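Quick one: the structure is below, questions incoming.
All chains are identified by letter, namely A, B, C, D, E and F, in their written order; residue positions are counted from 1 within each chain.
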Amino acid sequence: MTSRYESGLTKLNELAPGAADSMMDTFRDVCPDLAKYTIEFPFGEVLQRDGLDFRTRELATIAALTAMGNCQPQLKGHISGALNIGCTQKEITEVILQMSVYAGFPAAINGMTAAKEVFELLDDHDAE
Amino acid sequence: MTSRYESGLTKLNELAPGAADSMMDTFRDVCPDLAKYTIEFPFGEVLQRDGLDFRTRELATIAALTAMGNCQPQLKGHISGALNIGCTQKEITEVILQMSVYAGFPAAINGMTAAKEVFELLDDHDAE
Amino acid sequence: MTSRYESGLTKLNELAPGAADSMMDTFRDVCPDLAKYTIEFPFGEVLQRDGLDFRTRELATIAALTAMGNCQPQLKGHISGALNIGCTQKEITEVILQMSVYAGFPAAINGMTAAKEVFELLDDHDAE
Amino acid sequence: MTSRYESGLTKLNELAPGAADSMMDTFRDVCPDLAKYTIEFPFGEVLQRDGLDFRTRELATIAALTAMGNCQPQLKGHISGALNIGCTQKEITEVILQMSVYAGFPAAINGMTAAKEVFELLDDHDAE
Amino acid sequence: MTSRYESGLTKLNELAPGAADSMMDTFRDVCPDLAKYTIEFPFGEVLQRDGLDFRTRELATIAALTAMGNCQPQLKGHISGALNIGCTQKEITEVILQMSVYAGFPAAINGMTAAKEVFELLDDHDAE
Amino acid sequence: MTSRYESGLTKLNELAPGAADSMMDTFRDVCPDLAKYTIEFPFGEVLQRDGLDFRTRELATIAALTAMGNCQPQLKGHISGALNIGCTQKEITEVILQMSVYAGFPAAINGMTAAKEVFELLDDHDAE
């Protein structure tokens, strides 16, 4: 195991506890290296970098995924992750709302629906 | 003139002095209301909102425009604007670099080329 | 309430009776202003404008949403809405079919599948 | 030559006189069949169809190309073509403006810039 | 029936036995010509062409659909089809993995999830 | 320097002699790590992999970039690179033509225009 893998694992677990195991498990039989690369490059290199704090990085990712509009599972994962590292629900919904300007209202509405589903799931967990 | 228009004008001038006049001028004969709406809705409403500071909003916009990859003029405008309101070159290049993960290397490379062009233009101005 | 909101509400109800309430309800706890802006800007301003009739506007929207291919809920809403304001099924399917040329066959096929689902749902309602 | 080719040629010449020759010429050495297919399928079949008039078809295409935002040459060609078959400048700018709602302001602004360039070029021709 | 239709039918049945009937059935009441065109143009013309073998054509299609990220049903159909005409699971997963570079990790992950679902479905069939 | 960097450099130079130096030079002052990552991850890892030959990988990349339609500089680079590693002009134009089916005619036409420009530039070089 490379040190990029190990530090990526730590970073990913900070954002989404259990996600690394789940991703390794999902892709074990089809393409385990996709999980390995995901841990090594985005989490082990890019998101480790100085010059921009992790919270702002997650808000930037939420902006991009909302605007692209074709990767709802990842958008939900990053909304949940952003909350885990200290972003507020308000910061997240403001970023998504702002995308109505740059990517149109359907993108913003679908992004906000993703946020609503994540928030409600977490509320249900908290209520248990 | 609505108060949304007036406060939008102030906001847009903060980001990009002269851009409102230039946009009004460009679209005067084809569709002046596109300029009017741009000032009223994005600048007069969305970017005025509480809950997320203007600098983070601009970084989120740079993330989205880099990821979408089909609006280079607006990307350059927001890179320049982000610098005007206090974002550092480093914050901007980190956001763009991060898009290699979410939208691919071509998007990040084209975004970084836009940043380079904006930075060099400003350096030239400073050197004059 | 602004007059833009009120006229937007009327316009949206013409297209999709009940949609405004449903949208307000959906986003009440996450971001009610997204629903408010949707009513005020698209419906209260853009779709109110002269120079292009409402039916042609809806066909243009169906063209764009089919081509973008990443906002099926909105595409279905506008297909249903277009029928409500007098577009024929034939006009709608012709616009979607035409997108095979500009956005590829997968986009057209997914758009047509959306149309089929909307048409069948309405047939079921009529049959009740 | 197929009858689809011949009727496509007539249709394309109606929209953009000279475009077929120019396209055949451009792709003669790389891939002449791309020009042939373009004439046969979009122009010889899809745009020949009943159920939607040619003017509305062109407005739908302008909507889609503005929203997609990655094919400016084709967008300009269809704006020019739409004028040739009787669409008004106002109808065209209204469709483009409307895309601010569905695809965001950058898409609408870049589409309107394309329209402005086409309109001005035609004004220059008329003035000669 | 045109000869393009007949040869397209043969080609499509080679890739996906039963798909033509299923598509004709799906669109019979909404727009049968979309099914007809799909058989005639992509399958009856483009995929019939010399100069590139069918297997490489399918891998190119899988690359494009993974990168676009907004047409999962077609992506799954082409993954299944690629296997039918002799592509290996390994070739398919390599193409999808490679899209992490050009379209980002979310596109690659969603593409790989589609591949996993297709592979597992086929394993289930084989186990029966 | 990592071994990923060194093997990536070799791979990139095989595809596009001089491109690594040019890219390092371009991004030296804005974000040298973008060039470093580009060499390490796409070229030092993904394109090094077994299971799919380099020529098919390049054709898959040309398919994806043509379909995405928003990264012409990279598309041209990969068309030129594909020729360097033994793809024929015919294979390249067939892949691009095929994208008319999956991403629409504008995408295919713009991709073919890129191919034409690359081919002509190389012809000019050969003629010198």
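The rule is short, and it goes like this: contacts are C-beta pairs under 8 Å (C-beta built on N, C-alpha and C of every residue); 3 or more make two chains touch, one makes a residue touch a chain.
Here the structure is a predicted model, which means the values were calculated and not measured.
Which chains are in contact with both chain A and chain B?
Intersection of chain A and chain B contact lists gives C, D, E, F.
By label order, what chains touch chain A and chain F together?
B, C, D, E
So using the touch definition from the top, which pair is joined by more C-beta contacts, C-F or D-E?
The greater number of contacts lies at C-F.
Over half shared numbers or under half: where do the identical copies chain A and chain D land at their interface, same or different?
Same-residue interface.
With chain centres taken as the means of their Cα atoms, state the distance from chain A to chain E in Å.
30
Which integer distance in Å separates the CA centroid of chain C from that of chain D?
Distance between chain centres: 24 Å.
Provide the list of chain F residues touching at least two other chains, using ranges where the numbers run on.
Within chain F, the residues that touch at least two other chains are 33, 37, 41-42, 46, 49, 65, 67-70, 74, 93, 97, 99-103, 105-107.
Which residues, counting only chain B, touch chain C once they are in their complex?
Against chain C, chain B makes touches at 33, 37, 41, 45-46, 49.
In the complex formed with chain B, which residues of chain D make contact?
Going through chain D, the ones touching chain B are 68-70, 89, 93, 96-97, 100, 105-110, 112-113, 115-116, 119.
Considering only the defined contacts, which chain A positions touch chain E in the complex?
Contact set of chain A toward chain E: 23, 26-27, 29-31, 33-34, 37-38, 41-42, 65, 68-71, 73-74.
Per the contact definition, I'd like the list of chain A residues that touch chain B in the complex.
Against chain B, the touching part of chain A is residues 41-42, 46-47, 49, 51-52, 56-57, 59-68, 74, 88, 90-91, 93-95, 97-103.
Write out the stretch or stretches of chain E touching chain B in their complex.
Interface residues on the chain E side: 67, 99-107.
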